[in-house]
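Could you have a look at this structure, given as C-alpha cells, before my questions?
Letters A, B, C, D, E and F name the chains as they come in the text, with residue numbers starting at 1 for each one.
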C-alpha cells in the first residue's frame, strides 16, 4: 500500500520553498532521465518512486520491478517530464530506492545464506527501524524475502525483559491470553529453564535473546525433551552477524531476527541522469 | 529546534492502536528506567528524547548531554514515570538516539582524522539522508562537528551535472546570480578546466565531484595559478572513505562532503532497562 | 494510549471559527460544571475527556473511572475553568463519553449474558466501526470486557470469502503461513467440511460465518471427531443478537463476534451542567 | 463537498501497514465486485464511496444514487480494479455507506411520519454526532430530507441553559444581536413564560426543550395570543421518539430536532462481493 | 479560540530547519525582550502571541490587552526565556500582531467614523481575507468593533449574482428557505426593483452591491414605501472607501461591508528588542 | 513548486461544511466562468489557481500567464466545470490571485523605479509576510522581478541587532563562519564604523538598517576607502517608501529591501463571472 501523503511530505522536506537552483537556471523545458544502479543488489522502492513521479506528472517506464536482482549499471526507471519536476523529485527518489534496496539486498543475502544451511529457518527484522520509515523498511524486508515481524506495538504481543521486571512470566502469559484470542503471544527469555516455563504456560513464540549457540542448542533440546518443541515457534536474536549467521542457522531455530537489517542500512548506490 | 509533531508521529507509527503487550500484562504502576549505551560513541538525540518523554509526563534526568563522548555502559538518561508510558516510548527513544548517535560518532571520527592532516578542512554531509529524517540527520552531523551543507533544495544554489546537461556553465552561474543576491552559488565540476571557468564566472563554491586525488591537486594548483583560489571555497566529494580520507584531506580542499555520513548509518547500540 | 491530535481535531470540527454564542453572550468568567449520566451504564471515555480538558486548562476531578458501572444521576466528572473553555468542549466531551459508554455498556451486558452460559466464551467486536473512530470504539469494547479482535487490516491475517473467490483455501493458508511466522491465521468458512479442511491446513482460528446453530454444533463435533478442536480457536458470527446470544453461547465456540457492538451504537445519555 | 483527506485517513486507519491478508494470499490480479444492500433503506455515502475508489484507480458504476430508496438486494455500486485495492477499501466503503444510509433511512422515515400529520413541520438533527463525522452525518440527514441545523458552534447562535446560568435571558439576546447582524439567534427555554420573553426580546428561533406536549401546546397558544408566533421559528426537542413523534408533530411547532438521528445510528446492512 | 496547531505551523514555516543564525552565534543563555508598537493603533494578536510563547516556555507579561488603543512606544508584551526561543518566534509574533493590529486599527477607525453619522450602522468585513488567515483576520475585525459577517461558505446563505445567473431570484430564496430553518438568507441585488422582490420573497438580508448613493437611497425609500424596510437588514457594499464612508453611512443602511478591511491590510509597525 | 495540500486547506477553510448556498439553490449543472482583472497590474497566482481548479475537475484555459502585465478588463482564466465546484473555489481563487498579483504589481513598479536610477540595484522583500503565506508571498515577489531574500530562518545567516545585544560583532561573524562553509553571512549595522568592522571581519552582506541617505552614502564611501566595497553586498532597509525610493536607489547600494512588499499588500481587484 502506497502512502502518498508520506511521499509528498518527503518532497516538502527537501524543498520547503521549492528548488531554487532549477528555478533559477533552467526553463520550462521537458527532458528524459534514467535511474540506474551502480551496484549489484535487490531492488526495492520502485513502486514508491513510480507513485511519486505520477504526482508530478512524470511518465515512468519500469526497467525492472521491485524484487529483481540488478547488476551494476542496470536501468531501473526511465522518466519523461518537465526538467523542473524531475530535478525536484530526484534526490527523494534516489533516497527511497537507495535505502529500500539496501535493506532488500542485505535481507536477500542473509536469507540465502541461511536457507543453504536450514531451509526451514526464516530471517526477520525488528522494530529497530529509522523513525518514520517503519512501513518502507518493513516492505523492503518483505521484498528481500524476510519476515516483517511485528509492524508496531499494536499488532502482536511480545513480552520482554522489561515487562518481566514488573510481572512474573506465567502471570504475564495468562494476562496476555486473556486480553485477546487473536494475537500470538511471544515471550523473550534468556535461558532454557524460562523457555520451557514459557512453552508450558502457553506462549506461541519463544524468543531466545542474546544466548550463545550452546545455550540455544541446549534450549531446543530441552523443549524437545519436554515435548514442547512442536507447540512453539523459536526465534533467536542477539549477537548474530553476517559472518556467524550460518552457524546460528544450523542450530535449528525457526526464525533468526536481526536489528541490523533496518537500523544499520547501507544504501544501494543509485543515480539519476538527465538526458537532454 | 525540536519538532514535537514529528516526535509524536513516531509514537503513532509505533503504536497506531496503543501498546497491546503492556496494556495486557502490566498495570498502572510507576517505575524507573535507565538508557545506557553499550558502545563508545558521540551521543546525540538526547534533546529529542527528553522532549518526547515530557509529552508523556515522564521525568528525565540527563546523565550526559548531546555531543558528549560516552564510554560503553555510560548512563545517558534516567526516566521516572508510568511503566505504560515508558514502554510506549522505549523503542522510539532508542531508535532516535541510536541513529543520531551513530551519525554523530562517525562524523566526529572523520572530523578528527581530517583535522590531524589539515586543520582547516571541514567535513560536510549531503542531502542523502533517510527520507523524513533530514532535520535529525543534519543536526546529528552538527553535533558531531560536521558542516550541515544545504538542508534542502530551497536554501542554497548548487548547479549539478544534471543542470549542466540543460544549460551552459557560464549561463547557469549568470542566471543564478540574477536570481538572488543572498544565496551562495555552488557548482559541480569534474575537471580543472571547468573549475577555472566556474571560478571566473563567479561561483562561490566549486564542488570537485568524483575526481582522483591527482585531478583534485591539479585543479587546486590551476585555481591558484589563475589567482582564483582565494575567491572560492573548494569542496571535494565522491570515492572518499574512512580509509582514504586522510589522503584526500592532505590535498588542500576546504570541505570534504560524504553521503556515507547519513545514507549508510550504523546505529549506536543503546538500550533501556526498567528498574522496578 | 491517548491521541491528543485526534481529540483536538474534534474541537476544530465543532468550532472551526470558535464558539460564537459564548463569545457573544458571556465574558471571561470562571465557573464549575458537572458531567453526569442520566442512564445506568458502563462508563468509558473519561480518560479521553480528562485529556481534552487539560488541553484547555480545565481542572478535572473524576467522580468515577472508566469501566465503572454507573447508576442514573451518577457524577462522572467535575470541571473547573473558564466558562468559555468549558462550553467550547462540552458537546465533544459528551459525544465521546456518550458513544464510548454506549459501546462499553452493551459489551458488558453481552459479556455477562454469555458468561452465565459459557464462562470460557468471549465476546469480540469487528472492524465495523464508525470510520475515524476505530481506536476509541475498540477501547470501549475492551473497557466493557470484550475482545478487540483485529484493530486493522495490518495486524492479523483473516482470509475471507472474498479472498477465497480468488485463491483455494489450502493455498491461501499456505501463503499466509509463508508470509509471516508471527501472525495468527484466521479463515472464514460457512460449512463443516471447509472448517475441517482449514484446521487440517493449519489455520489458527476458524470463523464460522452466518451458520445456523445446528450447523455450528455439527462443525464443532466434526472438529472434535477429527481431533482438531484443541488446535483451533473457533469464532462464530452472523445473525447473533442480544436475544439469541445465550443460545449461541451454549454451542461451545470460543468467541462470538458482533458488528452491532460498534456499528449500531446507542449513546449513553450524559449531560453537562454549568454551576455558577 | 467531498473531503478526500478525510476519506484517505479512513484507509490509513484501517491499514496503517497495508492489508497483510491480501498481500499474503492474493496476487496482482484484477477483479470485479458489487456492493449491494441487504436491507431496505435510503442510500447515502455513494458519492464518498465513489471518490474513495477513484483514489485507488477503481472504476465505479453507480447502480443507484444518493437519496434513492433501495429494496433489499439492490445493487449500489459495481467496482472494477485490482483485487488488492478493492479489498483494501472494502470495509471503509461499507462503513461509510452503512452509517450514512442508516442515518438517511431513519431521517426519511421520521420526515414522512411527521409530514403526514403536519406538512409544514421539519425534522432536524443536532450536534450529537460521532466525533470526527459531523460533516458526513449532517450530509446523510440532508439526503434523508432533514434539516442539518447548526454544523458547528461557529455557524449560528444558540443560547442554552448553560449560558443562561451565567447571563440573564434578555441581556444574552441583546449581546447576541450586537455581535452580528448576520446570525440567527436561537434560545432554549423550558416554559411558556420564558418563550414569550425570548420572542419579545427579539430571538429568531425558540427551542422548547424537554417540554411536555401540553406545555408545548400552551406555549404556542401564548405566543399566538401575544402576536409573536409569526415572528419566531419554534423548535421542539427532548423526549421525542419514533413512536410519539406523530403526536408531537401535531402540536404545531416548525421544527422537531432529534439527537437520535446521529447519536444512536443503526447502520444499514450493506456488503461487498468479489466476482472473479 | 486559539488554534495552536496553526500557530506552530507558522514557526515551522519560518524555520523548517531551525534558526541557523541564532544556533550559530549565540549560546544557551536566557534573556528578556519587549514587544512595543511604533505606531498608534488598536492592538490585536496578543492572545495568539501569548499562546505561542507558552509553547516555547517563554514567560509573558502583558503590557496591554487585545482591543486596547496603544500610543506609539507602548509596551505590548514583556518576554523572558531562552534567547534561542525568543529569537525563533520573534518574526512570527510580530507578523501576527502587526497584521491583526493593522486590521483592528482600520476597523475601529471606520466604526468610529460611521457611528458619528449613524450610530445604528455597523461595519462588516467580507471573505476577502488572506488565504489561510480567515480566523485571525475575522477575529481582528471583531476586536476592532466590526461585524465578522460569514466566516465561510458553510455558515450562512448568501445568494450572489453568480447564483442568479443560474436560477431566478424568487426560486433561489424559496430553495434556500427549504434547505434550512436556521440560516439567515441574504441576497445580493443591484437595483431597487430586485431589492423589493427579494424582500417580498422572504430574504432576511438585502445586499445592495455596487450601487450609487442615490440608488441606495432610492432603494431604501422603496422598501419603506412597501412596508418592507423593517423586515430586512440592508447591507451596502462596493466603492466605499475611508474618504466617502461617512456619506454612505448617512444613507440609512444597517451594515456597510468592506473587503479592504482584510484584503489590503497595512500592518501596524511593532518590534521586538532583546534586553540582555 | 505548487503545494496542493496548502491549496486544499484554503478550500477547507472557506467551506468546512461545504458551500451551503450553492448546495441549496443550484443543481448539478455545468457552466463556464471567466476570471478578469478590474485593475492594471502584474499577474501572479495563476499557476496556483490552475492547480486548484484541476483538483476539482474544472478545466482551465489561461488568458495570460504569471508575470504578464494586464490591462483592466483582461481575461486571466476561463473555467469550465460543475457550477457547484466553480462557486466553491471562486473566493479562494480570487484571494490567491488578488494577493499575489498585488504583491507582484508593487514589486514590479518599484523595480522599474529603481532600475531607471540604478540598473544594478535590486529590490528585495523580507520575512514580514502574512503568516502561513511565506511561499506564495515570496513567489509573487519573484514574479514581480524582486529578490526573495531569505525564505526562512533556516536558509541564510543574518546577524541582527538582537543577536549583537548578546554577542560582539566580530565574534558573531567568526562563529557564523565556523558554523557552515555554505551560507552567506549577512549582518545588520546602523553606522559606518560597524559596517567597516563587519566587512573586515568577513561578512558577505552588510545590511544598513534605518540609516539616513547621508549615513548610507558616507558608509559606502568608507567601505570604498578601505577597499572593502567589492567584497561585500550592501543592502539598505528602513524608512524607504515608494516616494523616496528613487533617491535611495541613487546612493549606490546593491539591494533595497522593503517589508511593505509583503506586509502591507493591496490586493489587485479581480473577479469571477459565471456565464450560463
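The working rule: contacts are C-beta pairs under 8 Å (C-beta built on N, C-alpha and C of every residue); 3 or more make two chains touch, one makes a residue touch a chain.
Please read all numbers here as calculations on a predicted model, not as lab measurements.
Novice: Compared with chain C, which chain's mean CA position is the farthest off?
Specialist: Relative to chain C, the chain whose C-alpha centre sits farthest away is F.
Novice: So, comparing C-alpha centroids, which chain is the farthest one from chain E?
Specialist: Max centre-to-centre separation from chain E belongs to A.
Novice: On a C-alpha centroid basis, what's the spacing between chain D and chain E, in Å?
Specialist: 32
Novice: So how far apart, in whole Å, are chain B and chain D when each is placed at the average of its C-alpha atoms?
Specialist: Roughly 52 Å separates the two chain centres.
Novice: Whole-Å distance, chain A centre to chain D centre, using C-alpha means?
Specialist: 45
Novice: Could you tell me which residues belong to chain B and also touch two or more other chains?
Specialist: Within chain B, the residues that touch at least two other chains are 13, 15-19, 88, 134-135, 151-152, 154-156, 179-180, 183.
Novice: Residue numbers of chain D touching chain C in their complex, please.
Specialist: 6, 9-10, 13-26, 29, 31, 33, 83, 87-88, 90-92, 94-96, 98-99, 102, 127-136, 152-163, 165-167, 171-172, 175-176, 178-180, 183, 259, 263-267, 272-276
Novice: Where on chain B is chain F touching in the complex?
Specialist: Checking each residue of chain B against chain F gives 122, 124, 147-151, 154-156, 179-184, 186, 205, 233, 235, 254-255.
Novice: For chain E, which residues count as touching chain B in their complex?
Specialist: 8, 12, 15-19, 88
Novice: Going by the contact rule at the top, pick out the chain E residues touching chain C in the complex.
Specialist: Touch residues, chain E against chain C: 1, 3-5, 134-135, 138-139, 151-152, 154-155.
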